[in-house]
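Here come two complexes built around chain A, the first alongside chain B, the second alongside chain C.
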Partner chain A sequence: MLPPPPYSTGITIFEICADPSQLNGFSWLSCYLTTGKHMAFYQSFGTVLLLLAITAPTALAFGFMGAAGARSRIAPLRWIGKTYTAVVRGVPDIAFFLFFVIALDQAFEYVRHRIKCPDWTDAIRQGSDFIVCQAAKLPLGNSPQWIHETYGFFLAVLTFAIVFGAFAANVLFGAMRAVPHGQMETGEAYGMSHRQTFWRILVPQMWVYALPGLSNLWMVLIKATPLLFLLGVEDIVYWARELGGTKTPQFTDYPHGDWRIWYFGALLVFYLLFTKLSEVVLERLMTRLTHGQATTGGEAQRKGLA
Partner chain B sequence: MSCVQTIMDYGLRSVGIGERLLPRTDFTLCHQFTLIGSGMIWNIYFGLFALLFGFFLATTVALGKGSRHFWLRKPSEWFIFIFRGSPLFIQFFFAYFLFLSLKGVNPMFDAFTSAWLGALIVLFLNTAAYTGEIFYGALRSIPKGDIDAADAFGLSGWARFRRVIWPTMLRLAWPAYTNEAIFLFHATTLVYFSGFPAWQQRGDALYYANYFADKTFNPFVPYPILAGYFIILSLTVIGSFGLVNRYLNRHLPSDRRVKLKIRPQIIR
Partner chain C sequence: MKRLILSTAALAFTAGMAFAESHSVVRMGTEGAYPPWNFLNDAGEVDGFERELGDELCARAELTCEWVTNEWDSIIPNLVSGNYDVIIAGMSITDERDEVIDFTQEYTPADPTAYLALSMDVDPAGGVVAAQTGTIQAGYIAQQGWTLVEFATPEETIAAVRAGEADAVFADKSFLVGALEGQSDLVMLEQEVQIGGGVGMGIRESDTELKAAFDAAITSMKEDGSLNELITKWAVASTF
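Right, the complex of A and B next:
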């Protein structure tokens, strides 16, 4: 990946920020917090939210396929599903992150190499090198910076989805088993096929059972987002380290000491607020979903009303 | 160079004994197995000590959260919320830069900026918060009859806690606590990726696995090795916690004993 593009520090929002050395106190701070680099820092919060917005449904889809596979009547599909859900046990997830981001990249380049350069005779792995032909490189050597960044982000999303898909598969597998068996039998008694009972009876009913596990997973996913930094994406951790470090007057208009502790303190508060907000929203969702259900929660609600 | 020689040279590399320079070319499988295994020393060190110290703080925090006194309850609730509500990765970074600033004030904090102490403190507080929540849940689900029986025997205060409440709490919490222990060992891999420097390239297992993956550009060897080591470690944790579990449940008839159920691990 290429180094990040230089961000111009000359662009300022307020007129008074033209000469920062003349400023002090609050006006200095307000100018400092609106420099181009700080704008990139604020944007990286958007990157985190975007990652969450894309990863959550993708991981759910992966998880659904994994859980459905683990229940399948076809043995090889069942083995794949079971292996996928079991593979996350016992191994640190950060190892998965570091592994997948390189492994996926090499897998894509390998496949493209096979397709685009079929008459290439040299071995791809030569000692410590991984060599594919120019046309198979991802992204292509001459593509602009934003494609490099998007490709990096795409790899990160895919890695997150694979790891969290395995977690979600476990939750959904449990939820599918929690649906009362009598429901499925009734479906079969009405002459539905295996596929029909799965889609018409099992899937609509499993969500209530899956929600506690999935909301737990959502909290975990939020807390996993700083790992984006390890995958080479310029996320909030990257910018907090970058902006917080000691700045000397030669390189910036806003010299300051080592402020990284304040930046990371801010990130800490951001995550605490985000988890608290999610907790409140998920609590409400659960209250609505349990309303009128024949579960302990639903019963407690009914008694509370009476 | 034979594999025995490699093990002699690099077996204790992560704690600074043996060959100083890491291999730079001609990485053999033996190199990778030895160095990644050597790094496991740090993972075990962090996990073991954090668990040991964290256990006592967790009991305190759990009792605090269950307390009726405002000034005992609120700090415990906040402690648990802060450490469970934020990513461990950010906690590591924050603690490292905090210790770095403190070092500027007082040289006494010198040792805190190195991983062996600074990261251990973060892991200790973190696991205390997670375990505290588990113990709190267990405290609340102690059967009322057990407490009534203790009262009937004339036990109160410390004796009641020591003989009835605490053992029952541990028994109820043990399966969840086993999972927590496994997560904690996995979380130790974050240490050297979060600010704390690996002094003279003395790192943990993931640090060396990452080193090999970077140098050979082949992730398909070092990471599976790492995975193998961690699976062995997890099985050891499950085994030893299982022994304690059997001890805690020894008074129950064998069909009512709780079996340990290991759920898949989850990031913190």
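Right, the complex of A and C next:
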């Protein structure tokens, strides 16, 4: 009779998984692939996809505001837009993710601290410690772990959106300039105001010039998610590294050697499929955007129809 | 008079409440990649010597604790900015770290550091040594002026030796013994080094009450011998 293992075995899905040392081949594998740890791995794919689904439109909104700001006729707006694109693009991503996020978090807490605890007398910075009153903590210190995780996730979305928004702003700024000037002049000749030409002539036509640059950004964004772990969000690369690492029989029911190559291989397939899917979708989008445009692509489409 | 006593009692009670409220949940930060100290079990939960120790300490200090994992690289910055309240991750007490954070008393004595290599005749001084970034081991190799390659996780340091990228791994002996289990290609060198102090829990310098609570709990575990039992069970270090 063996002594019980020192680690907890957790809940298993299949009845036969109670004693994995007796299993082999397919049944072993099916038990191995349904451990709680693997479930967390599968969930992290959802986390990454959700992050991309929220970040992409948010970054695009940031980029649009940055680009619109950078070509604004109002000087302060122009300065803000230009500074944003220049500074954020210049700072290395990893520095941004290590320091900016902590600073952002502290800025939120500082503002809440000022509002919620006006009669607090202690210094907020004590040496290297950052101390705000408990009511100002974000999330509150006693809230459950999932709230902490959700908050970390949204900090991540915001940071990704700011970083990729700066690149998108530069792409959109260039795209806005690429729209033939004659189009704008024609709009003005029809008596449109500056605002009207911007929204009715410039914005609808700029996407065809912006799409190649934006699709590059999208491809980079897909592969930037491992930066998430710096923020405490466990993404697919973290889990692949964790699950693939050597497991000695002392600490698990499923000992195995260095299997990282298999896990990273699975990630490779996932990324390639995702890239392929993105390419197909972007290609279709490009065809739609080209329709009726004064570009060689638009011209080719027109001739094809005729 | 009665009212005075009552209000004094109330005051004492609220002072106690203030501490209880600020730490109604104590968040324990660990790495989760350093067996037998801390690792994720098959269910994906934090497990290991420090999980069991931490839970026992929290029970003795009457605290509600919650476990979170954080990458080793940013484990101290996230403590000082308040994302969790305690670091319990096999962290040796050093002067350098003590300038930034506070430590409780040590819960394991200083443990020897050892080398793992592919053969017994490797000389670490003349070869390439792999160690985890930001550890006392990495600091020691750098100080000796030997060739050092650093990796983000302990797992990668061992993989580097297998791949021939490095000649030896330099890490806590308890971790290397665990990594050696069931492996036939690696050997532990006879050479051992004593660096750093014992291992303690890292706590923000301003958090004196929490530090006192854990110090008292560690003392009580040392006195009744339960700490030594845990150390032996997980084979993390020598006993007190």
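Note that in this section the second predicted complex is superposed on the first by the 271 of 306 C-alpha atoms of A that agree within 3 Å, B and C clash if a C-alpha of one lies under 4 Å from a C-alpha of the other, contacts with A are read in each partner's own complex, and residues count from 1 in each chain.
In this text, a contact is a pair of C-beta atoms (placed from the backbone, for glycine too) under 8 Å apart; a residue touches a chain by one contact, two chains touch by 3 or more.
Treat the numbers as computed from the prediction; the structure is a model and nothing was measured.
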| item | value |
| --- | --- |
| Combined model on chain A: chain C and chain B, fit or clash | clash |
| Chain B versus chain C as contact partner of A:Met206, first or second or both or neither | neither |
| First, second, both or neither for A:Leu98, with chain B first and chain C second | both |
| Which superposed partner A:Phe264 touches (first chain B, second chain C, both, neither) | first |
| First, second, both or neither for A:Asp129, with chain B first and chain C second | both |
| Chain B versus chain C as contact partner of A:Ala156, first or second or both or neither | neither |
| Chain B versus chain C as contact partner of A:Asn170, first or second or both or neither | first |
| Which superposed partner A:Thr225 touches (first chain B, second chain C, both, neither) | first |
| Touching partner for A:Ala67 - first (chain B), second (chain C), both, neither | neither |
| Those residues of chain A which chain B touches in one complex and chain C touches in the other | 98, 102, 106, 128-130, 229-230, 241, 258, 260 |
| Chain A residues within the chain C interface of the complex | 6-11, 35-37, 39-40, 98, 102, 105-106, 109, 126-132, 134, 137, 141-145, 148, 229-230, 232, 234, 241-242, 245-246, 248-255, 258, 260 |
| Of all residues in chain A, those that touch chain B in their complex | 85, 88-95, 98-99, 102-103, 106, 125, 128-130, 166-167, 170, 216-217, 220, 222-227, 229-230, 237, 240-241, 244, 258, 260-261, 264-265, 267-268, 271-272, 275-276 |
| Parts of chain B lying in touch with chain A, wherever the complex brings them together | 25, 27, 81-82, 85-91, 93-94, 97-98, 100-101, 182, 185-187, 189-190, 193, 206, 209-210, 213, 215-220, 223, 226-227, 230-231, 234-235, 262-268 |
| Of all residues in chain C, those that touch chain A in their complex | 21-25, 27, 32-33, 35-36, 39-45, 47-48, 66, 68-71, 73-74, 77-78, 80-83, 85, 100-101, 153, 155, 158-159, 162, 178-179, 181-183, 204-206, 233-234 |
